[in-house]
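Each structure below appears as structure tokens.
Here chain A shows up in two complexes: once beside chain B, once beside chain C.
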Partner chain A sequence: MIWILNGALLLTLIVLALWALKSRDLLVSAMILSLYSFLMAIIYAQLNSPDIALTEAAVGAGITTVLFILAIQKTRRTEEETDDDQLQIGPLCVVLTIGAVLALAVAGMPAFGSPDSPGATVTGNLYLEEGQATTGVANIVTAIIAYYRSFDTLGEITVIFAVGIAIIGLYLKKQEGFDDDE
Partner chain B sequence: MTMNDDLIVRTVTRRMIPFLLLFGAYILLHGHIGAGGGFQAGIIITSAIILAAIGGDLKEIRSALSCRTLFAIGAVGSVGITLVGILGILAGGWFFQYGSLPLPYSQEIIHLIAITCVEIGIGVAVFGMMFLIFIAIAGGEE
Partner chain C sequence: MNIIDPGFILGHYNYWVAIILIMIGLYTMIAKRNLIKKFIGLNIIETAIFLFYISLGDVTGGIAPIFAEGSTNPPDAVILYANPLPSAMMLTAIVVTLCMTALALSFAVLIYRRYKTLDARRLMELL
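And now, the complex of A and B:
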């Protein structure tokens, strides 16, 4: 039964992605991408990863959509009508080649939910066995984020910090009020 | 974007903000038990404030949380996490090794406290920087 739900969700994802791509109205595209993220969050939740589902729902469906809509409000809502709708052979070949390579790579990956996958045999088990006893944290994802892989977290925070610096440097420098004491 | 004139938008956003903030705090402080953590909590709290900015007065939010303040908030979160890591070195361990922190609790409670501190730092950093992005895009038109 669960395969029906999963299959329907995945098919809807593809349809939504194509719709967002073909839509001439950027606001419609942003809304469809928000819906896409919500369905993705449902899939993640159904795959027993509530942390990722929460992130996808909050970031993908929430903040990203707000930022898209703000950006659309700042620019223009509709795409210009162009007449280059005919198929372009060169880019199509490149896309198909890369797609074929990716499909071949997928064939080399472990099966869905396989107990022999590296994640289930190498490090994952150590975290699952020792995690709660070592860190006292029941949510293994939090234990990995903040303890076992805290260097990765520090790197992510560095990226976010760099984003802040970039915004200050590029965007707000010319606005009045920010450099009022110089 | 001035004061929103629509009564429905104003009322609904005003009623929803406390619940969103409460949910954000819950996600932040219960990240070690259930789903979620600092990143998600930071995003949810940012959404609550963005809702306040959309439904209420953007200028008011801007004056309360200027870009300088937001960058300072984000920087405090980022630097706070690094400091928690450095505390591990000062206590005689490695970077981000919390076990040797001189606190009068058992090992796992110390880990729990340090992990919660890191989560709060992540939440604060994400909130500051994400809202800075919002303000940078939305607030430029005055």
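And now, the complex of A and C:
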């Protein structure tokens, strides 16, 4: 019966995404995005990925929302008056085409959660069989991040560093060139 | 494989939801003119992609890839574990998404300070 709960959560996700799309108030959109991320975290926990669920709840529902609220506070809360409320044919066609291509790709995949799907194959999985002996960590996701794919994690930290430098540089440059701009 | 088969449709429901969310996010990015609204659409696309990957790694009746205390190695063949690799890759992706959102929003704030608008069409006229 757990799939009923799962289905209800997934339907709620779609409703929330549509609401965030429709709302003219950006603050409302940001808060709905936070709720959406939190529900997504519950689904991740349901799908046996507690690490992702924790990170999504902290980063997706927490820090991202704070960033959006900060940006909205420094700009304006409502959208400007535009005519993008009604359905636009051009973007809709593009989106439907891409959706059809993705649906065709998914249709060729094995069913969700089936034990013989390549993504879920456990026998012969090196990480699960040797991870604990090699690294001494009980949580295999941690072992992969910090040991097997540690260069990946280094790259991730480099990205954080570069973005921090870029944001500092953007705001410093703005203050220096203040007289030219105004 | 019959496309109309209800078992086929229900068996992929996580994937269908991920595709619908990607479509909603993409529509938000293309059709909406407010920059912050576009970034909200970008976030929706990314969480949908995470959902897709996590669904790939899950296995029915499996448990999270964390060994119980005292469990020996190799793990019991009886216990099914979810694949840990998608989780590990998506952990990296979540942080990169956060960085991208932060950079995009700081650009939006700077654009608003200079041009007093976040409407993409008006910005194209001003530039």
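We take it that the second predicted complex is superposed on the first by the 160 of 182 C-alpha atoms of A that agree within 3 Å, B and C clash if a C-alpha of one lies under 4 Å from a C-alpha of the other, contacts with A are read in each partner's own complex, and residues count from 1 in each chain.
Rule of thumb we're sticking to: contacts are C-beta pairs under 8 Å (C-beta built on N, C-alpha and C of every residue); 3 or more make two chains touch, one makes a residue touch a chain.
In this text the structure is predicted, and so the values were computed from the model without any measurement.
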Chain C versus chain B on the shared chain A, clash or fit after superposition: fit
Which of chain B and chain C A:151 touches, first, second, both or neither: first
Chain B versus chain C as contact partner of A:26, first or second or both or neither: second
Touching partner for A:55 - first (chain B), second (chain C), both, neither: both
Touched chain A residues, chain B compared with chain C: C
Which of chain B and chain C A:135 touches, first, second, both or neither: first
A:111 touches, of chain B and chain C: first, second, both or neither? second
First (chain B), second (chain C), both or neither touched by A:94: second
Partner chain(s) touched by A:171 [first = chain B, second = chain C, both, neither]: both
Nearest-approach distance, in Å, of chain C Cα atoms to those of chain B in the combined model: 6
Contacts on chain A seen with chain B and repeated with chain C across the two complexes: 50-51, 55, 59, 63, 67, 70-71, 74, 133, 138-139, 141, 143, 145, 153, 156, 160, 163, 167, 171
Chain A contact footprint on chain C (complex, rising order): 1, 3, 8, 11-17, 19-28, 30-34, 36-37, 39-41, 43-44, 47, 50-51, 54-69, 73-75, 77, 80-92, 94-103, 105-110, 112-114, 117-119, 121-122
Residues on chain B engaged by chain A in the complex (per definition of touch): 27, 31-37, 39-40, 43-44, 46-47, 50, 66-68, 71, 74-75, 77-78, 81-82, 85, 95-96, 98, 107-109, 111-112, 114-115, 118-119, 121-122, 125-126, 128-130, 132-134, 136-138, 140-141
Residues on chain A engaged by chain C in the complex (per definition of touch): 7, 10, 13-14, 17-18, 20-21, 26, 29-30, 33, 36-37, 40, 43-44, 47-52, 55-56, 59-60, 63-64, 67-68, 70-72, 74-76, 79-80, 82, 84, 88, 91-92, 94-96, 98-99, 102-103, 106-107, 109, 111-115, 117, 119-123, 125, 127-133, 138-141, 143-145, 149, 152-153, 155-156, 159-160, 163, 166-167, 170-171, 174, 181
Complex contact set, residues of chain A against chain B: 50-51, 53-55, 58-59, 62-63, 66-67, 70-71, 74, 133-139, 141-143, 145-147, 150-151, 153-154, 156-158, 160-161, 163-164, 167-168, 171-172, 175, 177-178
